[in-house]
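Across the two complexes that follow, chain A remains constant while its partner is chain B and subsequently chain C.
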Partner chain A sequence: MENNQTSILILDDEPIVSKRLRPSLEKKGYKVEAFTTSKEALERIEEHEFDIVVTDLKMEGVDGMQFLTLVKEKYPDTEVIVITGFATMATAKESFTKGVFDFLAKPFKLGEIAEVIARAEAKRKRN
Partner chain B sequence: MKILVALDTEDYSNKILKNVARLAGNTLADIIFLGIQEGTEKLAGPLADTMLKYQQDLASCFNREESPYADFDAEQWQEKQPGDWYMASRGMKEFTLRIRSGSIVKEVLSVARETECDLIILGCNGTAGCEWNGEWNVPLRIAEGGPCSVLVIKDVKRVKQIVSILDQSTVSQEAMELINQLVTLNDSGLNIVGVKGKNERKETEIEQRIVDLLRYYNDRKISTWIKLINSDDVQDYVTGASVDATVALWMGGKQSLLKKIFSRTMVEKLLETSGSSLLILR
Partner chain C sequence: MVPINFNSEKKMRLRSKLKRMFFGVKKETIPFRIIFAEFKKSLELNNQILDLIADANDKLSGDYIFDEQYIQKTCHRLTELVQQLIVTINHLTDQKYTDLYTNFHRIESEIDSLLSGRTLNQVKDFVLPYSSVSRDLTDSVGGKNAHIAEIGALLDLKIPSGFAITTSAYLYFLDDNNLRNRIFGIREKWRHKEIAVDEASQKISRLILDAEIPDVLKNEILSEAERVSKEYEDVTPCFAVRSSALGEDEISSFAGQYLSCLNIPLNEIPQAYKEVIASLFSPEAMEYRLQMDFRPHEIMMAVACQMMIPAKASGVLYTYNPVRPKEETMIINSAWGLGEPIVSGEVPTDHFVLERRPPHQARELNIVRKDQSMILKGCGGIAIDGVQEEQRMEPSLKKDQLQELARIGIRLEQYFKRPQDIEFAVDSQNKVTVLQSRQLRLQDERAPRACDLTGLGGKYPILFRGKGIAAMEGIGIGPAWILSEEHDLNEFPMGGILVARHATPQLARVIHRAAGFITDIGSTTGHLATVAREFRVPALFNTGNGTELIEHGQEITLDTECLTIYEGVVQELQYYSIQEDPLEEMYEYRLLRRMLKKIEPLNLTDPTAENFTPAGCRTYHDLTRFIHEKAVETIIDLNFYHAHHRDTQAGQLLWDYPLDLILIDVGGGIEGKHEKGIRPEQISSIPMQAILDGMSYPGMWDMSPAGVDFSGFMSSLTRTSPIRSTSPEDVGRNLSVISAEYTNINFRLGYHFTVIDAFVSDNILDNHIYFRFSGGVTETTRRTRRTRLLAKILSHYDFLCEVHGDIVVARLKRTDRDGMLNRLFLLGLLVGFTRQLDVKMVSEDTIITFFNEIKNIMEKKNGK
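For the complex of A and B:
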């Protein structure tokens, strides 16, 4: 049963983001792991492939753009969704060039990201 | 992010489109353009034409290949229910045109709740607290009853400073995120102003809060200044700041000190005199 669950990694240095997202996604049946530092998230990525990665961009150390680049290099089929409080056209373009599935500017409603995750999950299952 | 833009056929609505396009381009937001008409029998031609023109004006701000929104070429107005028309296209993001019949404030609030938008944007003629088609104080009434923050754009210029006025009550995460997007959009500095009340314990709380915010923005390399002012000075300070900065006013919490200081009349006056834009945060 557990193996059929879609796995999601959330990386955002603001704990409140995961605090909001995690229970809502778990309620929908996703297996969610949340991190507030890219260092810890990278360590986890080294040992496990996630179906979907949701990442912030502006972070200390390895930033979100570097993080998603590393994720896509290691696991090209993982769908990456960018969430950012400091959105620019340039970062949106760069994200899509690197193959992200979608780009969401904060604030957003839980329903909005849930809908994007559902589309990413459907794409992942088709491929 | 989902943005609801309330529009009519007046010049102040036309003027805000470039700002809306810049924000939409940065945030790749889902966009809803909402027009309000009188009478439910049939769709008013001039408003319907203007809404389509606004959509085309916004589309023209993007390179066709890079636009997050699809064309409306093959779309037609559909009647959802009597007095409620829509037209939508889905590119990478959704773009919807809506026209509703009824009172401006009531219909904007109704669509804001229905669509669960994150921000309402509207223009303002700068008189009588922003009159819209015979209704007065439209932005303030929307902000008072709305489920989200309201950005009233008075001038399309790019501002160099966002002045965020905070009190001791807890500011919502959504409000802070909107300030972040505006700072990024304008590549502007952020001036966080904490308002001290008469209560010493709460004074310490607000001091700590703005120091935490300074640290947060410094970590993210956003040029930020902090300042503490007395509640007695806040009206003069905001009036002065609003001449050439976008003022973000936290009016959300029931315990909000600012809500007590900024009477309805004061906000109306601000909307009349502000040279830039006013973000009323919820």
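For the complex of A and C:
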């Protein structure tokens, strides 16, 4: 096992997001786990700490804001990146106050999210 | 009946016409500023629509992650904008174009039903002969039919005679028997784990097999089968009835899950049809579709009916060894008789391994003892029969047949841009027929990205690199074929790389044969670029002098992602070239592609063509294009040809440069009288003066001589013939509405459109400049150098810049009079200058060069 591999959890209820994102990130050497319901993602978060969490904001059940709040409470060092189709300044600002690393509006480019993840990874390594 | 608006609109039109006839009331009662406001609104809508289409098209490039919500939102917004645009043109023209609503509503409802997941892009026909099947019809005939028909029609390979029974027939059959909801109900039970997949499968199959085929459908199938079998008078017509389900051919591991019925006599086709349809719900297929995220409306079966070929030998060809693709070999398995037991692995087969590289030398020839074969039984059915003793140890394929198959394999692979899994039959005259061809999924790890393959340059000689723009990314390998007077396009060889001076639309004619395109001149927004993307043919345009650096007949490898051309065949890249993310596996991708078919294609390219009418509009883009043309035409007609308005005067600009520009003055923009035209010194509109100063700056207008493309391009912007000799219906006029402080310019440059809207006064708060440059044809997937150069210059001079695909929009406000005029001078420079950029921007370095050139001019002008 490579211990220095950066681990990423992706949560988005639109399956296409993880379907596209996962192989693209795996190709870059990340260890990726993807979920489409916040319930499953929460269960996984309970047992494992991820370096980076990528989550949608607007979902059924526990919404992304609650999810990322819980993640940050449990693991303050985990970097959270928010992706959402309901991009408004208000939600973006709110997520920043929760300690979110960065914010991406859907649709976004694979290259854009890869760049944000690389920055989050660099920040974690510095700390 | 409810009175319809349309009628009242018609009446209004008639009434105003009568009024004009009898009382001489003219349109001039409407002040020009109101008409002009409508005109500007139409331009604004036009721009918004094109921006949205360009953005949506960009999403298909594979670079983006987008969801269904995005597609919904984009389509709804487009519908809204196009509707507003139709309202606006009708205001502007006194309800002259109300018939635009007919096609608009048709497209709107097609889009809605695609979005709601009720339908796909289907034709209404129940059966289609192979001669009228193409890949555009995949949603109607399924992948297998579409592929085989395309192979026969375009690649000139022998295929079985036959026809497709469409997905519309499938739905008709279900609905006539009231089965759709019942099947859906059973499927839902299974999806919610209430029943097992086997039980669900059996229940659905029973429903289908017990149903009756409606007479209309049955008769259409039988009469088409009769028509096909008439081509073969001497044999008893028997058919293979095969599945051609949606999504079936996109991945070969899905093959074999559906039924094929062989040697079916004509009158038994309907029964076989039902059996094939029932196999759509085999347990394996149901599980597979769940994994592929198929929506209920995508679960449909078209059927292929093909004349049986009494095969002497049959087999399967893989264009790569799927387990060890790096060995660069192809594999053929074959045996005597029909192919079914070979495909299903029931009989021992001869095994041949050939090199992929011509002359396809054999690496392995493994001949087995073949005791049995499957043959056709006289009329109907098949049988297993003993092979004659002397044939049992003989190879089932001869050496020249192996060679022919290898060539066919490579050709199909080049055409479909994927490794292929091909079934074939050899008839008694030793002729090879392709029965089907589908993508072969390789098991190996994905190859590294082409750019990561470091050190290739050391291993293979590079002809040139870093030149040109990729119109379609990818790898193309083949002999270079240079288009010239000695080489006629009709002689372009299969698998060649076409090297030409200009990326003209005519080259698209050989798209089916081309492994790549390289041109000296051309832009990523042209027709050829669009076609190259549709067919995934790598294309590198604007190399400057590629035709001089490449030799005719030379074997080359084109890597458009790294803008590199190698001499010879670069094996590492060849392997990479056929590995790609299977975007088709995403529902959202399929949906967006279907939507864009209704929105984006531009059929109305020529305003003088017969189809340039409301009835000719087949997409939102067509509607938008038509309305834009008519809006400009209306303004010019009203003010120039008829001079209806007392409050305006109009005339053509008389200039040293051949710019065909009509000026409409709405107040204080022109001084003195004009008879034959307006001289530049008569223009008192300050923004217009500044723009013309920029355009006429020495060197901006006539730089170096350009190629043929360029002169054609010039003539659409500028016309040397006097304007009076062209009719009002003529095309490509440039229009400017001016006043003392205001200018609105609409330039058309072939496909390109430039808009400048500026107000300059001593009040800083009122001042604004809006500049828009667009490629017009929006199929671009990436920003061109020209776009980036414009954005760089404009941002440097304080404009707020936005780039959508090939469109640049720049805005400037709150700047004083002199600052505004300085920027308008800059825009004038750019308008003169950008006309040449398509031709000149051959490398990345040119961005800096041109940027500095413009900066120097500006500094010189401002005395720095």
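A few notes on this one:
The working rule: the second predicted complex is superposed on the first by the 126 of 127 C-alpha atoms of A that agree within 3 Å, B and C clash if a C-alpha of one lies under 4 Å from a C-alpha of the other, contacts with A are read in each partner's own complex, and residues count from 1 in each chain.
We take it that contacts are C-beta pairs under 8 Å (C-beta built on N, C-alpha and C of every residue); 3 or more make two chains touch, one makes a residue touch a chain.
Everything numeric in this text was worked out from a predicted model, so none of it was measured.
Bringing the complexes onto one copy of chain A puts chain B in a clash with chain C.
When the shared chain is aligned, chain C comes close enough to touch A:P23, but chain B does not. Once the two complexes are overlaid on the shared chain, A:K125 sits clear of chain B and of chain C alike.
When both complexes are overlaid on chain A, the residue A:G85 reaches chain B and chain C alike. Of the two partner chains, chain C is the only one that A:I113 touches; chain B does not reach it. In the superposition on chain A, A:P15 makes contact with chain C only, not with chain B. In the superposed pair of complexes, A:A105 makes contact with chain B only, with no contact to chain C.
Among 27-35, 117-125 or 333-341, the region of chain C with C-alpha atoms clashing against chain B is 117-125.
Overlap of the chain B and chain C contact sets on chain A: residues 14, 16, 85, 106-109, 111.
Every residue of chain A that touches chain B in the complex is listed here, in rising order: 14, 16, 58, 60, 85-89, 92-93, 102-109, 111-112. Taken together, the chain A residues at the contact with chain C in this complex read 14-17, 19-21, 23, 27, 85, 106-111, 113. For chain C in complex with chain A, the residues that touch the partner chain are 59, 63-70, 293, 446, 581, 586-588. By the touch criterion given at the top, residues 1-2, 25-30, 66, 92, 116, 118, 173-174, 176-178, 180-181, 183-184, 219-220, 222 of chain B touch chain A in their complex.
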